[in-house]
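By letter and in written order, the chains are A, B, C and D; residue numbering begins at 1 in each of them.
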Amino acid sequence: MSQPVTLTVNGKTSDVSCGATTTLLTVLRDTLALTGSKRGCNQGVCGACTVLVDGAPMRSCLTLAANIEGQNITTIEGLPEGGDLKPIQQAIIDSDAVQCGFCTSGMILTAHEFLQRNSNPSIDEIRTALSGNICRCSGYRKIVDAVALAASRGGA
Amino acid sequence: MDGIDMQGVGSSPHRLEIMEKVTGSAEYIADLSRPNMLHAAITQSTVAHAKILGYDISDAMAVPGVVCVLTGEDFPDGRMGAFIKDEHAIAKDKIRYFGEPVAVVAAETEAIAREAAKRVIVKYEELPAILSPEEGLAEGAAIIHEDLDSYIKVFPAISSGNMASYTELNEGDLEAGFAEADLVVEGTYDTAPQAHLAIEPCGALADIDKQGRVTLWSANQSVFRVQANVCESLMMPMGKLRCLTPRVGGGFGNKMEPHIQPLVVRMTQATKRPVKMILNREEDFECVRARHPFKVRCKTGVKKDGTITAREVEVLLDCGAFGDDSPGVLGYSLLMSLGPYRIPNSKASGKLVYTNKLRFGAFRGFGNPQVAFAGETQLDQIAEKLGMDPLDLRQKNLIQPGDVWFGGGQVASNGLQECVDKARAASDWDNRKSRTAPKGKRRGTGVALSAHISGLLGTGAIIRVFEDGSVALNTGAVDIGQGSDTVLSQMCAEALKIPLEKVSLASPDTDGSPYNWGTTASRVTYTTGRAVVGAAAEVEKQLKEHAAQMLECSEMDLELRPGGIVGVSGSDKEVSFHQISLRAHWAAGGPIVGHHTWVFNQPTIDPKRAVCSGIPFPQVGVFSFGCLIVDTLTDEASGKTEVAEAWSAVDVGKAINPSSVEGQIVGGFVQGMGFALTEEMVWDGPKLANPTLLDYKVPTTLDTPYNIHSIIVEAAEPDGPFGAKGAGEIGLVAVPAAIANAIADAIGGHVHSLPMKPEKVLNKMLEIEDAT
Amino acid sequence: MLTSMTKTDFQKPKTVEEAVTLLKEAGDDARPISGGATLVALMNARLVQPSRLVSLSAIDELTQCTYQSDGSVRIGAMRRHRQTAFESNLKAAHQVVSGAASQIANPPVRNMGTIGGSISFADPAADYPPSLVAANAEIEIAGPEGRRRIPAEEFFLGWYETALEPGEIVTAVILPPVSESSVGQYEKLCRIAGDFALASVAVTIDFNASNTVTSLRLAVGGCGGGPIRVEAAEQALIGTKLELDAVVDAAELVVAELDPIDDVRGSAEYRLKVVPRLLQRAFNNLVETREPAQ
Amino acid sequence: MQIEQSFTVDAPRSRVWTLIRDPEQMIACVPGCESIEETGPDTYRAAVTVSVGPIKARFSMAIAVIEETVMEYVRTESKGEEGSRASIVQAISDMRLTDMPEGGTEIHYSSTVEISGRLGRYGAGMMKKIATRLAAKFEESFRALAEKQEEVC
């Protein structure tokens, strides 16, 4: 049975009708047309669907929409502030840390939250923070460099 | 315009599409939709080998929201295949592997389609399942393709029974070569199937117009191969299908030949509505394709001084249920099986055998990593027996500039020596034994060399000059994430001396793009780049014809100046592309369009030199080279090995975009590292046991060293665009071999089987301990 | 006839008692949902289609971790792995539990998964079960009949089966008081960072002033239906100073009790081979890290 | 997947045979069995639930006795599927009864089982352990039944 759920995504509150087992990822992509969050495995392993829920990185494919009413959800579409890219987005660009781009949204959100907690991370701390996001193209090097670059510029 | 960064060849501008990728607005196949669109799902077979006796679709049709169910009976009898036309769009009459699509359901939502797809009942008469090439070759084995003899084959295939093809290459006098040797080493090696695991699963969306013409978007590596395969399998005229591509989330070979595109096209024809289907991860594992498991017997003869006198290689490939790219993989692996060495007497032969598994096909490296694993680890075993340094042994036998390849193919550029020298120096190879390991670990250093081609088949480019003097570049090459859109645009900008921003790139479209065989075989930079350079030369010629008339001078006196200007040499007289193009559009000559197409045509085999049969490619490509050195740490308690550091020197001719080349080297390394150490598709009887990311593990950041050093070597390819050749695969080829050699250096013995998971390494360690 | 999506209902009670009632009234096919890391993945794959989902997210009691006056630590069932990994209340031998938590999956999944959810699922290769057995933890369970507490050892019945009766949920994990001199270690072998264990070893030990083992608990994960505790091996090590010979002998006793299977992570044979080696290393690490402190 | 098991009960072979061939009695012994009804001579329909962790599969099983030597041996063929064909199970099972020298009966049971679909995901190694556990439960209940019946009679 469908039930109305009130979700706050990127600061905007919407009422969506969804089933009890409907995941946040499905609502984001199919109902709210926010397709920046990607479905890579639907099992929580690849990390391409990572979003922030009350600021913490979570798998939107493992999060039931009905279970996060009232919480603040940030997707890649809502990350830039006032149209300006976040430092991690700019650092990803400047480090050429994107190939196919399918993992990029999840990677950026995970890194953004990490940099908010740790403004001066070591390479190993960055590697640990990103270890739940699979990239099959890059071999990770340039992504790790991008996170270090964003940190050196003093921002998330 | 002097002093302005034109972002041409040799610079590393950001990807053209970077903004959409960092903001989540890049659209991949799953992100597309059409009004009134249906969603489709497949029913997969639950047996590996069977005759189909009939279908019952009534339960599926009864699910509210279901619009159409199609089975093999609803598909035409066309067969597709890159080398052997052996594959229907969907299982028809027979099932050939567990998980093969047997029915397609279209419904108003994906959930309904998936629910209904489970309710399609197929009645089978089971046949014995062939689950290995050995079983397939056994006398009395059940035959997987009864009509193999009558299938169309696009090469002189030698096939019979379950053997899809046999290929053989001979050079010199093998027996004499081994007779000459002071030492002969022989070994057998096996490699596991690897999943491509592009993070984007395969998918397609088709729509049909009132004339019955279908437009198809899909995750792909070649809109032209998609078009050809769909039209062959559905017996459609090619003009009735237009293929397009959204952004593609990685391919690595998986999206080159078809996956579900024919099913979606057939469904849109049947329903007259747009139809989208996105495979889930499990389906993507089970019914697309994977890297071939190989069994390799390799035998090498050397003199005491390390000179190789002979090599014999015999391979056995599991083809899976359909030919796909397998005959090519077989032939190519044999062609590469000597490695980049002078070996005067050699024989390489192999069999490709149908089995009841999903099709194995193209995967970055195309059979080369498997034979390199055998050949390069055998060289280390030889070095040990001879008491030689492994790199010195290789150095002694290195293929030299001017040498030809196994079979007689020309090698125009050869930067291998520079790769060896640079990797040796960067890794401090000669002092490697002084490096220590943390407590409980054993450190090893290993080397492997490689060569790989870039080339193959037909390609084109069209450049049109807009009224404002900027240009549109149209090649039809699909950028699957590796960055070819940017690289081709850079070459176009460089050739016309205009800033990169003045080049706009058309998305591949079978209606409007010139032909491009595909994003595969490390070929786009080299083959499409050449087409771009050729088309730019044509544009330059037309620009100069106009300029000569406008400036009243001879074309011979004209030159391109940076910034989109044609000027008279030694004078300040000049006109801009803008001025020329306005004239061409409105006054004289007609709009400026340059185009160039070509097909790679250097022969693979020189019949005066080599005796060969069953060769799938008459013309292969030009050669890239690499030298890879890795440091590994093996855990003494478990045998688990991690790579600590790697130095990968790669000869790419010319790095058009050095940052992208680094991305290819490091990305290829890590994918090869997964193949070497952990990745393995496992079957539980006829069923794939690990078709999920929980069970099939690829390296994460924590399993990957930070220090993977890319060393770019540029030995210009004479006919390459700006000297460039391919970079997409060469960085992966040597990885399993180099890691195997490092592990052997650490523990004192070689593991002959991929992946070198902890169990195999520990067993080898214990075996060595027991022996001493 | 149609499917999960139309027939599951969703409830988010505020108290444990309400949750238990909601589960009971919906019967066999109702499921509590905590972090969702496992259950939602199973639902996505259409492997599980509950008639009712009872979210435990709004029950405050379950989200607390408290250090109790008797020295025990009560970890609410909804505590996330990330919280437990960094839990300041977990000291000395209790670090076998925080150590296990820090090795589950990866950071975003550790943000979601909960200790109650993980142990209720009872994957034979999960990290908490052996660590909780080694820590001598008790599991607090609430059900229609009220609450009960059982030792972790009796909770894990093997191959995904637990002592939970229909309608019951885990409410907390209680770790008994530990002495300051005790230590805990969780050693995990996996194919790739964040994977389930191929094999894992959890130990807690206490020593006297002369470095002699006075108490010791040991459990192995990933090598049977659930965590395997080997009391004979524990007894063999108590009274020793974890000398190599003693450890080797004890490891043999451990291996005799293992019941591994061949699976995609590794063979049964390998597990039997590697567990004694992991044990040796775990004890060796413990001894070495201890010695400088003495 | 091959499962094999032997156990003895302290009851005469005739008693054991009667119980084994009595559907009503077997409902209580087969783990997860909710009902068995006779659908014809030597054919039965049974409802059996198999739970592995959170996955619960309710099978509707068609069971046929395909070979039988009274008091000694019975071979059955079983086929079952879940409502929407999410899991499919097929088995050929042999049960052989032997008198024990000291009295009592040995029951030897072997079965070739194929499971596909949801439950098939667990892999042969795991399913064999689970099957063994179910077999142990069967043994326990059957022994209790056989030995209790004996006393009553």
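In this text, a contact is a pair of C-beta atoms (placed from the backbone, for glycine too) under 8 Å apart; a residue touches a chain by one contact, two chains touch by 3 or more.
It should be emphasised that the depicted structure is a prediction, and the values quoted were computed from it without experimental measurement.
A comparison of the C-D and A-B interfaces places the larger number of contacting C-beta pairs at A-B.
The chain with its C-alpha centre at the largest distance from the centre of chain A is D.
One finds 34 Å separating the Cα centroids of chain C and chain D. Taking the mean of the C-alpha atoms as each chain's centre, chain A and chain C sit 29 Å apart.
The distance from the centre of chain B to the centre of chain C, each centre being the mean of the chain's C-alpha atoms, comes to 44 Å. Each of residues 115, 689, 694, 698, 700-702 in chain B touches at least two other chains.
In chain D, the residues touching two or more other chains are 86, 123. Residues of chain A found to touch two or more other chains are 42-43, 128, 131-133. Touching pairs of chains, sorted by label, consist of A-B, A-C, B-C, B-D, C-D. By the touch criterion given at the top, residues 12, 14-15, 17-28, 30-31, 197-201, 247-250, 252, 278, 280-281, 480-483, 659-660, 662-663, 666-671, 692-694, 698, 700-702, 704, 706, 708 of chain B touch chain A in their complex.
Residue ranges on chain B touching chain D, taken from their complex, read 46, 115, 118-119, 121, 684-685, 687, 689.
Taken in their complex, chain C has these residues touching chain B: 1-3, 5, 41, 45-46, 106, 189, 191-196, 198, 263-267, 269-270, 273-274, 277-278, 280-281. Considering their complex, residues 4-10, 12, 33, 35-37, 40-41, 43-45, 49-50, 52-53, 55, 57, 105-109, 111-112, 193-194 of chain C touch chain A.
Contact residues of chain D toward chain B in the complex are 84-86, 88, 116-117, 120, 123-124.
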